Every structure is written in structure tokens, then in C-alpha cells.
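Next up: the structures, one after another.
Below are two complexes that have subunit A in common, paired first with subunit B and then with subunit C.
Showing the complex of A and B:
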């Protein structure tokens, strides 16, 4: 176990010093140093320099994190040991392979976001406070996977949450929704933090230490309690149902580069936490853990994509789709736990690698999508799809990058999302049987159900992203703002293009990447996943192969005759351009007659009426002379979050009522407060004397 | 003979055969329907004449339409051609690094689905958007059935590679009439009918806005754009019918490469697809298109069949 080796090395080798002993130590120190420098620069730099200067430093922080993560993922050992004055163990930052992978993911997104934010931020987003928070957020995120004891883990987690909260609130003065989002975010992230803290406390009490690298056999009782607490805590961080309620409020309201970092990177910390618990801290859990994770993951995937598919707000759509993707990741993780319990090792390994690949590919495509949404907002000031349209011709680079990332999100070949989902499905359909025999009744019901959930999710994701891309970038502009849109500045284009390239590269060369990722979780990675052909991937344990480059070659070959005949036909018959589309003969010049995002999803709203519970409001204004003639019809449809209205509202109302009652208890009278403290003191004395 | 070379030959034969067969299949389906309904019909070669006509016309495009109107139809045709390469239609010998994996095949088909839906949206008309929206809704709801039914078929073979599934059924034909296989095939057929826009989900012969899915998306396309949309859809129908026929009646498929075997394979798949087309056409006469909002019920029914098939094959077998 690499973690254990790293721990042993730490004990013997590393004493805090100014001269770094290993690459990892140097990388971690450099990140902290650059972070401090960036904060100082943000505080002191002149406003016109601030975005550039701190943006460059943030990029450097992310690049350092990327390289450090790479070293750790390739098996580098060593780390940082920070002695503290408090009477407890020193803080240890020594990422193992898995931590390295997540450091890589988080800082990869960080690079894109930092580049983008240099030219995207303006107004309150570029304030001193916001730029101080940015490096804090990045460093915090990059340190969480490096932490090898629970104290530094929690510390880094809180630094990350603090940074992101400040960034979210940057624009609170101009929009009231931001403040409300801030309250939800703080409450929910502290709730998650509480669960994680409690989980670590249970673990520390049972094992007698805070370090991750000394795994000890833990009694089933505390292990189960810790597991449930961790599932709630990290589930909240990873936006899983029913702890996802902050997502549709926070991600849309944050500045787009921050939403990209939150959804692309911060959410992965929840995934990392899940893996940390299931693979490292509490390995070999009972079967019901796997089932619990699968249920939560499957429910999140379905609910998330359903909400995303009916949403007309581009950023809300992307936010819910994050819940969906994280649901799939946890579904893979749960399936892997369940299958390992039945000794279906090959399928379990494949499921785990698939979950990791999903996380990697989600980081690539979702950050690109959020940055693309930011570019749309930058160009039009609109994030309501119903008022967009025709942006493809006006913003070609954004359109291309958003298109590629949408294909990734819809799991279409040759993008990263496809490979990950393919691997997950392969592991599931081979999981039900081991050497021809049925492994268990549970698995024979769980696996087909999981396949069905993934299939429905994939189908709805297809619709969602056809809608998002088609309505925003194709057809005619639905508003004056969309008609006036111009392409965003070059630096934003660059980071969009980089993100899209990542999506394609991960999809075209999955083999080497999957093999690398396999090393981080499997003791015998070459049995789980191998690289074949030109970057193709093979799962030797279950006999499945996929070579996306071959797929490209084949499509190029069959496309040749088609393209030749087009060229021949185009020579004799050039196309004619007309002003207006035909529209079945009934088209008028008004672009408002086009389908909108709301109308696009209308059939789905009807089909899933019972789950979504839409509220519809139709107002008909008649012409004054006759009630048979209609002057205008106003239709308003709102799809609210069922979990929020049914689960959170009652609890919040309860607290509100409690607050009203408590007002009588604390009515401001000093005598009453003194008597309270007297009674409290009395109780303490009695308890102590017993 | 070398496996790679025979795989290449079979792929080329499949593509050429199905490019020829697909318009013929549509012609046969329409002619059978016309004959039974007491009409004269246009003859089985009419789709070929339509194609020749469309390719020799100037395409008309709206000024605000984008490159999607040109590229989408080509993408649809290419995805359908890829289906013809990947699926075991004439023979089960497939490429080593890109076998006829079920999930890959479905995703390749989805490329075409997406391309068609985007073409529908690109026109910027109410019709196109409506067709696109309905088409994607059906596609989303079909996917669980599609994957689960082939999952059920894959369990006896122990792999999701469709050529291996066909070979297993050829070796032990009793699998074909097992209840699991019948359930899965029925579910798969319903899914394919929905996916290719046949009755009772979509009416391929109508131009009324209340009924149409596929036609609405192609309204803005003309000339060669329309030609590729039509060819792509026909090829998809032909390839998927070929898949169903090879799963139900696998005999005649080439498993060991030889010239004679290849000839038999070509003839047998052509006959199977055309016979299935005739059956489809006769079946469609007795069916009315269901309301759009009853389609989910139909698909839920087929999903239940597929789910039953999978669990039964685990628990009963």
C-alpha cells in the first residue's frame, strides 16, 4: 500500500526544514508560498493590474499543483510535515497516488479557470476581496487531496470552503439572489463539514490516531457509524441527492469562472472523500455500503438529469447536470464495493476505474461548459436559453468548445464521457456473473437496475445537451442581446479551447490515461485495465476492448464516398440562400415563433409530471369587444426542487417557529439571563460532584 | 485467410450491400403497403429515383441557418454507415480493436440521433424544433429498453460483443426460443421501431404536424441535404432490421470466411431484411399511431419486458 509506505517514509525521513528534500515537498511548499504571494499581490496591486497579476500567480499555483499531483500520481513519495503548537500530531501533507490524481484534476481545472478569469473578471468580480479569495480557494482545494491526517484534511477543506464562499458573494451587492445563495451555501457546506468532522472523530476514537496512513482494524459498529457520517458529509460536498439543494442556487449565482471551479474541481473533493473512505480508511466494507452508495448515486443521477433536462436557465441546467454526473461516479463506486464483496474482482476494479475516469472527464467537460456559459453571459448578459439563439455564427470558438464539451456530457463517442460510461456499463454487465455462475440475487437485481438507470440518464443527458447547444447556438437569435453578441477576448477563448482539447484527448486516448488512473486504486492494475493499439483501452478481466481512434478511422473511410459525391453534386448544383426558412409554408419573419428551451422540454415535463410537480399558471386576456378573441396569453411554468419544498421547507419552518418561541425565553431582561447562567452553573456543579 | 483481411472484406461487402439494399427495403415496404391498401404504388425503385432527383437539385438554405444544416445530414449518414460496418450483418468476423460492442453500436447510432435533432433545430422554425424535441424525448426513453434488451441477450454469451452473441445463438439454437430470448427480442423490436420512427410511435407516411416526428425535422432540408438525411435514416432502419433478423434467425451468417459463404451470407441477409420489411409493412397496416403522450407507456411496457428478461436470465438460467 503506497499510503503506508509514504507514512513510514515520513516518519523516518522528513523533518520540517527550509530545504525541500523531495519533489513533492518542494511542490507543496511552492504552492503555499505562491498562495501567500498571490494574496499579498491582490491586497496591494493597483486595480488595473490586479486581475492580470493575481491571475498569473493563480495560474502558477495551479501549474505547480498539477506538476506536484503528477509526481505523486506516478508514485513519488515524500511530503510536508508541519509541527503545530497544539497538543496533537503534526500536520502531514504527503499525497499518495490517489491524492495525486485528484490534485491533478483539481489543479487542471484551476489552470483553465485562472487563465479565463484574467480577462473575464470585471466589476465586483475583480474586487480586491474576490482576488484575495481566489488563491485561497485554489490552494485549499489542492491541499485537501495532499492531506494525510484528518486534521490537515479538515483544515484544507475549510480553507477551500472559505475561499469559495467569499468568491460566491463577490457580486452580492447588485443581486439579492446571491446573498440567499450565500446563506444556503454556508449552511450546507457547514452541515457537510460537521458530518465529515463527526466521521473523523468516530474513526479517531476507534483507531486512536488522526493519521490516514496507519489503517487499523475497526469494529463494525463504529465503522458503520463513520461510514454513514462520511456518506452524508461527502455526499453533500459531491452534490448528491438529497443534499444537493445548494447546487441549483449557488452554481448559477457565482461568477462563471467560480462556478467552473466549483463544479469542475471542488465537487471532486467529495468524490475524493468517498474514495478515501471506501478504499483507504475503511476498506472491505460490508455489501450494504455498496448498495447504499449505489442507491444514493442512482437517485442523484436520475433526479439531477431530470431537473437539468427541463431547466431553461443554462447555468441551472449545468448545475443539476453536475449532480447527475456525480451520481454516476458514486454509482460506479458503490457497484465496485458491492462486486468486491462478491469477489468479482475484475468487474469491481473496472467499475472503480470507470468512476475515476468519469470524475476526470467530468472535470474537463463541465468546467468547459461553465466557462462557455460564462462566455455567453459575457457576450449577451443572458443565461436564459429562451432568450438566446444563433450564437454559433457570432461566437464560433465558444460554440465549438461548448459543442465538444456538450458531446462529452452527453457521452457521445469520441469524447471522454463516452469512454467512462462505456467502462462503467461493461463492468456492470459483467458483474452479475463470475465464471458463468450467478454471484448473488442482490447483484442480479442491482446490476440491471443500475444499467437501466445509466441508460435513462444517458438518454436524458443527450436531450439536455442537444437542447442546451441547439437552442443557444443554432437557429435565429431570440432576443436583441443575442443578436448583438460578439466573440469573447482571446484569453477566454484560449481556456475554452484548452478545455475542449482535454475532452477530446481523454476520449481519443483513453488507454494510457485509464492505465495511469488504474494505478491509483488497484494493487494489480494491469489485470484491471490495459492500453492497447493506438491509445485504445482494454479490460482484460472482462474481455472488452475499445479503440476510439479506430472508430475515427472507420468513420473517415466511410465518409470519403459521401463527401466525394457531395463535391460532385455541389459543382453542378451550388446551394441557393433564401432570407427566411420555409417553415412548412407558414413561416413569418419573427424569431419568437421558434421553439424555445421551455417548449423543447415540455414533453418531458408531461412525462415526468409526478416527479417534477411543475406549477403552471395560464392567464388569458380577452379582447375588450369579444371574449372569443384572445389578446394575449401568458403562460408561466415553474419546476421547483421537490426535495427543497418537501424536505427542507418543513424543517426550516420548524426552526422558524422555534425561533419565534425562543424569543419569549430570551426577551432581553438581564435578570433573566443572570438566572439562566446561575442555573447552568448549578447544573454543572451537580454533574461534576456526582 | 488472415482475420483482419476477412474482417475488412466483410465490412466492405456489408456497406456496399446495405447502401444498395436500404432504398430497396423502403421501396418494398411502401409498395407492399400500397398494394394491400388497394393503391397502385410507385414501385419498389422509387426511393432510388427520389435520391437521384434530390442529388441533382440545388439545396435551398435559409440565411440564418448554420453549418449544421450541411454537416448534420452527412453525420447521420456516416453514423448509419458505421452501423453497417460494425454490426454482424453478413458475417460475424469483426475487427480486433473495435468489435461490434453493444454500447459502442448504440452510441454510434446516437451520433445520428443527435445530428438529426440539431438539424431540426437549426432551421429556426417551430416545426423543426417540435420534431427535434419529440424525437429526443422518444430517444431518451428508448435507451433503457435498448440497452437492457441487448444486455439480456448478452448474458448467455458472456460478452456484450454482438458478433459473439450471434455466434453463440448459431451454436446452440435452443437459446433463441428460450423465454428470456423471446422477451428480449420483443422488447428490442419495440425499441427499434421507436428509434427508427415507425408505427406506432411515428407515422413515416404523414405530413401532419400533430403526428410527425421525423418529417418535421427534415422540413427545412432540401436537395442533397435532404438526400443524406433520407439515406441515413433508411440505412439505420435496414441495419437494425438486419440485426434483429440475425439475432432471431442467425443461420446463413458467415463465421468462417470463404467466397461461397460470403455469397450465401449476402443473399441470406438480403432475404431476411426484405422479409422482415414486408412483415413490418403488413404489421403497420393494422396499427394506428398512438398519441405522443402514450408513447412513454408503450416504452415503459417494453422496458418491463427487457428488465424481466435480464433478471430471469440470471435467476432462472
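Showing the complex of A and C:
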């Protein structure tokens, strides 16, 4: 065969789609192939090999997704075309820059989770079914941002939901709450799916095609309907109020690595959907879209963090905090939409980049936090903060990683959360004015309100994560299990450390990452966000600069002499130990005398009593001889979800009543069914002869 | 000669069909119902034969022989294939008392006349005039299905319904090709055989064939 013939053969093979043409196509094909291989391995591998073998394959899937996402984000083109038997256009998976970014986020979390799950899973979490579902979940999640038509988008979305549902149900045999969580999750995810499907249907009817790339000239009527449907659908996926009710049930009940993947990655698909709609499918929407998104986002942020701050269950706390963070992301998205409507492009771009950065940093710190919670459960079997404590000394790596991630979640400087919230605040503060003039009354009312929401949220978040970290890792153990805790296996430590490192890296060197993110959404990226100095970030449009490394260096210049002089002067005085003549009770301190998570949040519950509506139960047991002496007091406080009790419960009750009525109508009697058809036939005959 | 009798013969056959249907609703004994079914099959075969002779189509005569063998002899024999003594004891206790049932039959017959005349028009030939009988048989068969408790009585309702459909077909369009009729007849025979075996199993398993007891839905 001559070279020319070989070239010709290669050409035909490329045309026939046998050999991938571009890096993107190869990456997507590889993900699908590895996914199939992982499913096969999970089905056939021996139990003692299963976790390792499939875990490695899952890590490879995630790494492939990471690289593919990176190529797409840097502007790579090409994609995977899948012809299908149905009479419609072939499915086309070709991620653009924005899709690449989200593929990167999702698979980054996937890498952490796969590494972690290799040694964390045991028992039902490591069953064959669970390990089959894991690669399905990962691949589905990574393909959603790659979809360029609504059919493949919905298909990937459903594959993702299916995988996550099976993973959630892994432990259903041992706990009854898992089954209930599964029902809530299925119902709510199908509700979201229904809204998204309806939204795409409206769009397809209005634009005449299912592809995302067809020019969008859609009438305002259908566009508004589609927008509301998409907001409900993707809001449900992104855990926004009032469609968040599944979150506090599902994330705590799922195995920890699954909740990390759900909260860190799957929820971002909701964000991606929101961006897809507002940036790509229906650009230049009216101002009220921005306001609607801001209202939903702000309400979610406040409600989420409020619930998180009073929760004493570590995973419920993290779950509600996810609602808060997603609320902030949507607040940024809404603000950007609103500002773009008033031609404040620089501030709009900054808000959008801030929203994306928040999504990236949330993926990093929230998956680390959930994995940390998983490590705590692995070590103690407890997730109730009131029974933890003193884990810092026993689990140093977990404590360090959890601490860094908590700083990120509380948006403290030198972590990723701070950079994102700083940028969001900058864009909101400067967004109301353009060249010194007020852009509009709406914006000048909305922006300060949004700033207030973020300020309150940030304060409560600080309180929440001080509680989460302080009660769990500091002080003395509050239970025997916590006292006996041991550090988790090295692989789990590795993924925790990786997550924490990324939180720090994004916080210290935000510039390059922000510039990259800016490329994905802005038409003029260098005007929106730039990298300056040692990885610092600059927003030229609104004249704001943040350089964390410089800040660290400066504060070190100030702090080091002070610390050195303190140490030197301390050397001069020898250490003395003095026996206290009277300890004031402090010398007999017991673990029960410490603050608990519930008591720490108690003032907050009082302040927000009207919103949270807690139910308290105080039981006083008197000493048998006298009712003036108390033997023990038991206080129980439950904070239920207002939306669940006030909004969902009545609707569910209505459906239940309807179900009971219908059961009488269709009671299984053949005669009754036959009578129905007979009567129907008679009615038809009478009607046609009238 | 034949032309003068033709309308009367059509009237006689369709009258027999309607009469047997009404009697089936009235009588509660299973054996009587089976005999009436056989009679109805013979009447149907006679109707087809009369139409065939009047139209001069030998194929229809062939079909009438087929109907006679399947609906007049075969199916009743299958249904009654059990010791006469036991089948005589089977008494249906229907969900509708005989007076109400006969009243319902009257109303259904009137309804079918109204429907056919208003919707399709009665047409100007004798067979067209008799077409409502077929619809009435279908409705009466349905009535039997919902009013009878025992599986085997319901089977008879089902067969009556099938006869009704066949009657409509022959009266309005001069029947179907012989091959199709053959296939349909075999189908009905097969269904009846299966249901018959099924009823037998039901009786040995539960001791009774009252469909009312089959209310629990199982996975």
C-alpha cells in the first residue's frame, strides 16, 4: 500500500467517523468508552477488587472529562456526532467554551470523588449496583455541558439523574429515611425535568429546531413562557427556593462521596442550564428576567444560610449551605442580566464572571466539606454535631482540609470563596452607576438590596462554619465515638487535601483562573477581567483590583516583626505553673459543659423565630421526693422547613385525598371496568345520534 | 318465488337473532344459555345463507356452512363439554334482576335503531333495514358481560357480542371474504378454548368462578 493510498484510506475513515478528528471528539469518545468499560468491570469484578478497579476507571473518566473540558474552554472545536434511528437530527456533542468550563468543574469534582470513594465505600455503598451507577452518573454529568441540542441535553440530564438516584438508594436496606429521600428526589428531579422539557418544547416550537446553535429570533411571548419554565426547571436542579425541599433530605442520606458529587458537581448543571438559557438560548432578555432571577437567588441565599446556621446535623448544614451558594450564583447571574439590559456591560460581565467563579469555588470547597463530613462519619459514625468534638487532634489532615474549605465557604480572604464574593460585591456596588450617572431606578434599588442580602448571608455563613468547624473539631469529644476517632485512610486524605489545595490556590492566585473564566462568557474578555501582578485579579471596567499574594506579603511584613518580638520577649520570662487556689468551676470542666451546635445557634433561632418557626419540646423530670428539685431537663428543638410544611404538605395532602377517591373508582372489579367502557360506549352512541 | 320470501326470511333470521339474545339475558341457567347460543349460531348461518342465495354468491353459502359448524355446533359443544348433570346445577345469580334486564334490552334495542337510522341511514333494502339488530346484539352482549358474575356466563356474553359484530358485517356489506371469516372464526374458537381452560383452572384453584372475587391486584 503506498502512502497515498494510506492517506486516502485515513481520509475515508475520518469521513466515516471511525477515527476521531479532533481532541474534543477523542475525549468524548474516550469518556463514553471508559464509562462502558467501568460498567462492565463493576458487573464482573470480584467484590474485593470492585472498588479499586471501578474507582480507578471512574478517576480516568473524570480525568478525561477534565482534559476535554480544558480543551473546550481554551477554544477547541469539533465534537461527537451520534446518529440515531429516530427520524430527527443526529445528536451532536460539541462543548463550547462555557460548556468546557462546566465540564471542567464537574469532572474536577469527579476526580476527587472517585479517588475518595475507592477507599471510603464499604458494605452496600460498594455493591455492584452502586458501582455500576457511579460511572453512569459521572459520564451523564460530564456530557450535559457538551450537548448542543435539546435532545442530547435532556438525554444526558436523565442519565445523570438516573445514576444519582441509584447511588442515593445504595443504603436503602438499613435506613428507612433513604427510601423517603429517594421518593422525594425522584419526584423533584422529574418535576424539574418536566419543566426543562416543556421549556425546550416551547423553544423548539418557536424557533423550529432543537439545536442550540440556530439563530434565536423568538417572539417575546414564547420566550417569556420558556424563560419561566427554564427558571423553574433549572432552579429545581440548582436547589433554589422553593424547589429545594429535596436537598435537606437527599444530600444527608446519600453516601458522602455521592453527596459531594451531587452538591459539588450535579447542582452546577442547574447553574449551567441557567447560563445556557440566559446567555446562549435567549440572550438580551427583558429587565424583569434579571429581577426574577435576583429575587429567587436572594431568597434562596438567605433562606439557605438561615437554615444551615441553625442545623445541628453536619450534612443537613452543608446541604442548606449549598442552597445558599447557588442562590448567590443566581443573584450574580440575575444582576448581570439586569445590568446588561441597561448597557452597563463592564459591571454585567464582572457579575457574570463572579457568578462563575463562585460556582467554581463552591465546587471545590463544598465537595471538600462533604468529603470531610464523610471522613467524620467514617471515623465516628456520627453526623450530629452535638455528639462530635475534639476531632482536630485525632484527625489532623481531615481537620486541616475541612478548616480550609470552611474558610472558603465563609468567604474569608485567601480562599476561593472570598474572591468570588468580592467580585460579586464589586460589580453590584459599581453596577448601579455608569460613568457617574445612575443607569436606572430599578438597578439603583436592586443593587443595594442585593448587597445587603450578600452582607447578611456572608455574616451568617461565617457563623455557620465557625459552628461546623469549631463544634466538630475543637474542644473535647462529646461522645465516646468521637473520642475513639481515627484518621481516615491515605487515599481519602489525598482527595481531601487536593480539594483544600484548590480552594487555597483559587484564593491566592485568582487572576489567571478569572481571566480564563472571563473568556467563556464575555465578548470582550480583556475589558472585563484581567490577571495582574502575582496572580491578582483586576476588573478594568469598574476599576477594582484584588491581589491576595500582595496582601499576604504585606500582612506578613507587618505581622512577622510583631510575632518575633513577642517570642523574643517571652523567652526572657521563664514559664511558671501555678496551682489555682480556686478554679471557679473551671478546673472541673466536663465535655457536657461545652457549647453544643444547638446552644451555639440558639440566639439565632430566637432572632429569626418568625421565619424559622422552630418547635420546642422541654421535658423536666423531677426528683421523686420533691417537685422543687429537678433531676434532669431534656430540651429538644426541631426546625422544620417552612416551604415543606406550608407549601408542599397541603399540595401533597390534596393529591393523597384525590388518590383515595380514585381508589374507590378503580377498585379492581372487572365488572366495574367493563361497566365504565359500556357506559362510555352508550354515551358516545347517544351523542353521535343527537 | 324466492324474491317474495326474501324479506320475510331476512326478518325471520334477524328476529331469531334478537329473540335469542333477549332470552339469553332472561334465562339464568347456563345450559339454557348455551342452547340459545347454538340456536343463535344456526340463525346467523341461515341469515348468511339467505343473503348468499339472494346475491347469488356461492362463497357466502360456504361461509354460512363455516358459521354453522363453528358457531352453531363447535362453540356450544366446547362450552357444554362437561357432564350434563353438573352443568344443569350451575345457576347464574346476575347483578341485574330479569325485569330490569329485559327493560334494558328494550332500551338498548331502541337506542340501536335510533343510532343507526340517525347516523348511517337505514338504507332502502331489506338487509339495511335489519342492520340495527346487529348493533343491538353487540350492546346486549356487553350488558351480559357486565351483569353476569360467572366467568363462563361472561364468555357467553362475549360470544353474543362477537355474533353481533358478524351480523352487522353481513347485513351492511354482504360479509367478508371467506378466508378472513375463517381466520376470525378460528380466533374466536381459540379464545373460547383458552378461556374455557382458564375457567376450569379457576374452579379447581378457588372453588368458584365468580369474577367478583378477582379484585385484588397482584404484582
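Convention: the second predicted complex is superposed on the first by the 637 of 690 C-alpha atoms of A that agree within 3 Å, B and C clash if a C-alpha of one lies under 4 Å from a C-alpha of the other, contacts with A are read in each partner's own complex, and residues count from 1 in each chain.
The rule is short, and it goes like this: a contact is a pair of C-beta atoms (placed from the backbone, for glycine too) under 8 Å apart; a residue touches a chain by one contact, two chains touch by 3 or more.
Here the structure is a predicted model, which means the values were calculated and not measured.
Visitor: Counting only touches as set out at the top, which of subunit B and subunit C does A:652 meet: first, second, both, neither?
Guide: Neither partner.
Visitor: Looking at A:572, would you say it contacts subunit B, subunit C, both, or neither? Reply first, second, both or neither.
Guide: First partner only.
Visitor: Counting residues of subunit A touched by each partner, does subunit B or subunit C come out ahead?
Guide: Looking at subunit A, the partner in contact with more of its residues is B.
Visitor: If you stack the two complexes on chain A, which partner ends up touching A:689: first (subunit B), second (subunit C), both, or neither?
Guide: It touches subunit C, and subunit B stays clear.
Visitor: Examine A:604 and indicate which partner it touches, taking first as subunit B and second as subunit C; both and neither are also allowed.
Guide: It touches subunit B, and subunit C stays clear.
Visitor: Classify the contacts of A:623 with the two partner chains as first (subunit B alone), second (subunit C alone), both, or neither.
Guide: In the superposition, A:623 contacts neither subunit B nor subunit C.
Visitor: Looking at the overlay, does A:563 come into contact with subunit B only (first), subunit C only (second), both, or neither?
Guide: first
Visitor: For A:594, using the defined touch cut-off, is the partner it touches subunit B, subunit C, both, or neither? Pick first, second, both or neither.
Guide: A:594: touches subunit B, not subunit C.
Visitor: Check whether A:425 is in contact with subunit B, with subunit C, with both or with neither, and answer first, second, both or neither.
Guide: It touches subunit B, and subunit C stays clear.
Visitor: Under the contact definition given at the top, report the residues of subunit A touching subunit B in one complex and subunit C in the other.
Guide: Residues common to the subunit A contacts of subunit C and of subunit B do not exist here, since the sets are disjoint.
Visitor: Help me check something: in the complex, which residues belonging to subunit C touch subunit A?
Guide: Residues 95, 111-112, 114-115, 118-119, 139, 142-143, 145-146, 149, 211-212, 214-217.
Visitor: Please give the residue numbers of subunit A that touch subunit C in the complex, ascending.
Guide: Of all residues in subunit A, those touching subunit C are 667-671, 674-675, 678, 681-682, 685-686, 688-689.
Visitor: Would you mind writing out the residues of subunit A in touch with subunit B in their complex?
Guide: 309, 389-390, 392-393, 407, 410-413, 418, 421-422, 425-426, 429, 432-433, 436, 438, 441, 444-445, 448-449, 451-452, 454-456, 458-460, 462-463, 466-467, 469-471, 473-476, 532-533, 536, 543-547, 550-551, 554-555, 558-559, 562-563, 565-566, 569-570, 572-584, 587, 591, 593-596, 599-604, 606-607
Visitor: Quick check: in the complex, which residue numbers of subunit B touch subunit A?
Guide: Contact set of subunit B toward subunit A: 15, 55-68, 74, 77-79, 81-82, 85-86, 95-99, 101, 103-104, 107-108, 110-111, 113-114, 117-118, 121-130, 132-134, 136-137, 139-144, 146-148, 151, 154-155, 158-161, 209, 219-220, 223-224, 228, 292-293, 296, 303, 307, 310-311, 314-315.
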